[in-house]
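Each structure below is given as structure tokens.
Here subunit A shows up in two complexes: once beside subunit B, once beside subunit C.
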Partner chain A sequence: MIGGRLLALMEQLGGMSVLAARMVWGLVTLRADRTEFWRNMYRVGVKSFPVVAVTAVLVGAITVIQTGQVVAEFGATSLVGWGTSFATLREIGPILIGLMFSGRVGANNTAELGTMVVTEQVDALRALAINPIDFLLAPRYLAIIIMMFMLTIIGNLMALLAAAGTAYVLLGVDMRLYYASFAELIELWDFFSGIIKAVGFGSAIALVSCYFGINTSGGAVGVGRAVNSAVVASAVSIFVLDFLLSAMLP
Partner chain B sequence: MTTGHAMIELHNVTKYHERERVLDNVSLVVDEGQMLGLVGPGGSGKTLLLKVLCGLVKPDSGSVLIDGVDITRISPVELSDVRKRIGMLFQNYALFDFLNVEDNIAFPLRRAGGMGEREILERVNELLERVNLPGINYQFPNELSGGMKKRVTFARAVIAKPPIIFYDDPTMGLDPVTSSKIFIMLEEFQRTQRTTSICITHDLLGARDICDEWAMIDEGRLVFRGDLSAVRASSDPFVTEFWDGAL
Partner chain C sequence: MATEAAPAPQPTQGEETPLLHRFLEGVGGPFTFVGREIFELIRVFALTFFYLFYRPIRWREVVRQCYEMGYRSMFFIAVVMGFLGMIMVMQTGLQAQKMLGDLSMIGALFLQLLFRELGPTITAAMIAVRVGTGLAAEIGSMVVTEQVDALRMNDAEPVQYLIVPRVIACLFMTIVLTCIAMVISFASAMAGAYLMFDLNPRTFYNTDLLIWGDFITFAMKSLAYGIVIPVIGCHAGLAAFGGSEGVGMATTRAVVNASLGITFVDFALSAFGFVFIY
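For the complex of A and B:
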């Protein structure tokens, strides 16, 4: 039983590695479809903006609410800017935006690809002498990574603004004090560390969602199963990557 | 009218699915310009056979020759070249959800390149007229009825004027009037373009007069091959029962 599951997991990891190599090869050799790439940039990025914006604003506000009580107790309000920015940029921002992105974009990507498989649209592409990896998967892979990167930058900015606003309203921390604490104590690397994680999460979401989508079988039930597997695997990948990157990055 | 040149050849093709033999030593030859009707009970391996013929499924043994090229022994790039000469009408339409009707039909020509956009659009509009669906260029597949989808799929399959076309149950689930229109279109296309085709159908009455010959498949085995007079003359109970009422 355990051996069988381990074998299945190894098979999936192997399949993902091969798929990743093929998608990257399609991108490197410029065979990936450009129209599909731009269509997915819009679909993945522009359409995800509202949900990422709401998540980011709430992340900023919640961080202040959670730390506010302790900060006020110790009279360390001058450190609010540093504390919330550090947590948001390095950890909470990328993780929560990644999870929202996985739920919205990853699940949608798997469902769309899975439906295309079970309705023979992928077979139709192959019958028309078109490689589905170059036409369908590689453009999505790149679009998801780029958009996760860009939305994390925008999301971080929005979260910091929301945190500053919440600190002012709830704790009476002056905006200039908040900014001074941020500017003095936050290093550029704190920002880059979060961005590197975001790119890693984007890559994992893109690969996992494409893999489960293109390997869908068993009709509508199979699509549901594939989406479920993709969402769970994406979330697990995000936390595993976060652990590894947190340990590796200074 | 056929030329006697074998365009499609299957030699001893066998395919297993989870230890079950789903195609059993199938051999079949279709001459250039010939239209072969492929019939048999549901789940007998007809669709799988078409997928083997256009290289979507690789057989476990045997050879598949398209115009003399064995597609089981060529590279993916060479297979791609062979596929450019094949049109396929899928049973479940297989229209691309994210493209409108015009883009769906134009897709094979745009991907192939070498033709101007104006010429492509002219060809799309001409085909839409021909399938009695003028003016639906900007509708999406989910806005179309089953009959309309079949006709759009037909237009996409034939737009590049491929010398070989496979039709997988082109009238499945359609009303008799729409079915009749589709068979008229197939017949007209066959007559004007002289393509080599295989047509899976369950509508024996509708397809009876447009196919040059018939092949019957049962449990993955080819059990009959012949023209309509051979069908009439057959004493095989499987053949006679299947054709009962359609002759």
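For the complex of A and C:
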């Protein structure tokens, strides 16, 4: 049983590497479809903006609530800006926006591709001599990575604003004090390390969702199963990548 | 989804709707959408509650669902929470070394944060990903293959027959999985602290900062998540329509709604805990 699971895992990892190589090759040689790319940028980015914004605002507020008690006990009001911004920029922002993004965009992408596969639309593309990887997958891959990058930047900003507001309402920390502590103690690298993580998560989500979508089989039940496996695999890869990137980035 | 691509920029024709109408539609659309979603969720929840108390419960199905939801997701949740523990201890440890030079309080702080926030919430997010989408996919497939209509034909109410056992099983399993996940997360954090910062496990295991209020927060949060996740998943499944496309939409809807629901519940209960307990 252990051997079987291991073999299945290795097969999936191998399939993903081959798929990634072919998608990147399609992008590098500029054979990827450009209209499809812009359409996906809109669908992936603009359509998931409200969800990401709501998550980011709540996350910023929760961060302050959880650190609030320590701050109130020690009277360390000058550190609250540093603590919450550091945690948000480095860890919480990218991870939670990534999980939300994998739910909204990754699951949607898998469902859409899976539906196309089980209703034989992908076979129809092949019959018309259109390469499904260049036409369907490569534009989505690039669009998801770019939009994860941008949405994380916007989400970080909204989370920090919400954190400043909550700190003012709940702890009575003046917003100027919050900003001063933020500006003094946060380095530019803290922001960039979060962004690098976000790009890593974005590529993992894109690859996993495309792989499970294009390998769907077995009708309506198969689509549901594919989406389930895709979101589970995205969540695992987000946490594993986060650990590796946190260890590697200074 | 093909429906999303449809509203292309409309050419200016004579019979175009007035600007004010379109503006009001654009502003009000999201509100009515969210309102309808919340209303539907409350309806499913109320129906579940009703059948839970006034109709017999299929305990055999509950046990089977416990196996499906609990045992099958344990490995996934163990992996995620193990990595989470190591990440947290690495980040806080590096910062504490830089700012304070003293690592002895990391364990106590980590344990407190684990009880208040990370344990219940991240586990619930993972359960939503694994179980919520699974429920939506399973029930959605039943709906589009007309198995649910067949149930109705046989005078079995789908909410009683399908959803009540799943809600009970998920509520029970959320609590169990959260406890297991917290133990695993704490163990991996302890191992991480020992390997990365040479911190003695005895120093790391420090319950000084834990108070009884933390247990209350923990219990409230995991109970609330245990109800929110299956209700959202089952609602998305029951609302599925169309063929395989409908199932895909149902699963996407389940995971988005469940993640948003968890974040809202977390915010509400954290604020409640901050104001009334600590």
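What to note about this one:
Here is the rule we use: the second predicted complex is superposed on the first by the 250 of 250 C-alpha atoms of A that agree within 3 Å, B and C clash if a C-alpha of one lies under 4 Å from a C-alpha of the other, contacts with A are read in each partner's own complex, and residues count from 1 in each chain.
Here is the rule we use: a contact is a pair of C-beta atoms (placed from the backbone, for glycine too) under 8 Å apart; a residue touches a chain by one contact, two chains touch by 3 or more.
Bear in mind that the values here come from a model prediction, so they are computed numbers and not experimental data.
By the touch criterion defined above, A:Glu120 lies against subunit B but remains apart from subunit C after alignment on the C-alpha atoms of chain A. By the touch criterion stated above, A:Glu91 is placed in contact with subunit C alone, subunit B being left untouched. In the superposition on chain A, contact of A:Arg39 is made with both subunit B and subunit C. With both structures placed on the common chain, the touch criterion links A:Ile186 to neither subunit B nor subunit C. Legend: residue contacts after superposition of the two complexes on their common chain; A:Leu128 is shown touching subunit B, with no touch to subunit C. With both complexes superposed, C is the one of subunit B and subunit C in contact with more subunit A residues.
Judged by the touch definition given at the top, the superposed model places A:Ala159 against neither subunit B nor subunit C. Overlap of the subunit B and subunit C contact sets on subunit A: residues 39, 112, 115, 119. Within the complex formed with subunit B, the residues of subunit A that make contact are 39, 112, 115-116, 119-121, 123-124, 126-131.
Those residues of subunit C whose C-beta lies close enough to touch subunit A in the complex are 1, 4-5, 30, 76, 79-80, 83-84, 86-88, 90-91, 95, 113, 116-117, 125-126, 129-130, 133-134, 136-138, 140-141, 144-145, 243-252, 255-256, 258-260, 263-264, 266-267, 270-271, 274, 278. The residues of subunit B lying in touch with subunit A in their complex are 51, 54-56, 76, 80-81, 83-84, 86, 88, 90-98, 107-108, 111.
Residues of subunit A touching subunit C in their complex: 39, 43, 47, 50-51, 54-55, 58-59, 61-62, 65-66, 68-69, 86-87, 90-91, 99-100, 103-104, 107-108, 110-112, 114-115, 118-119, 170, 219-225, 227-228, 231-232, 235-236, 239-240, 242-243, 246-247.
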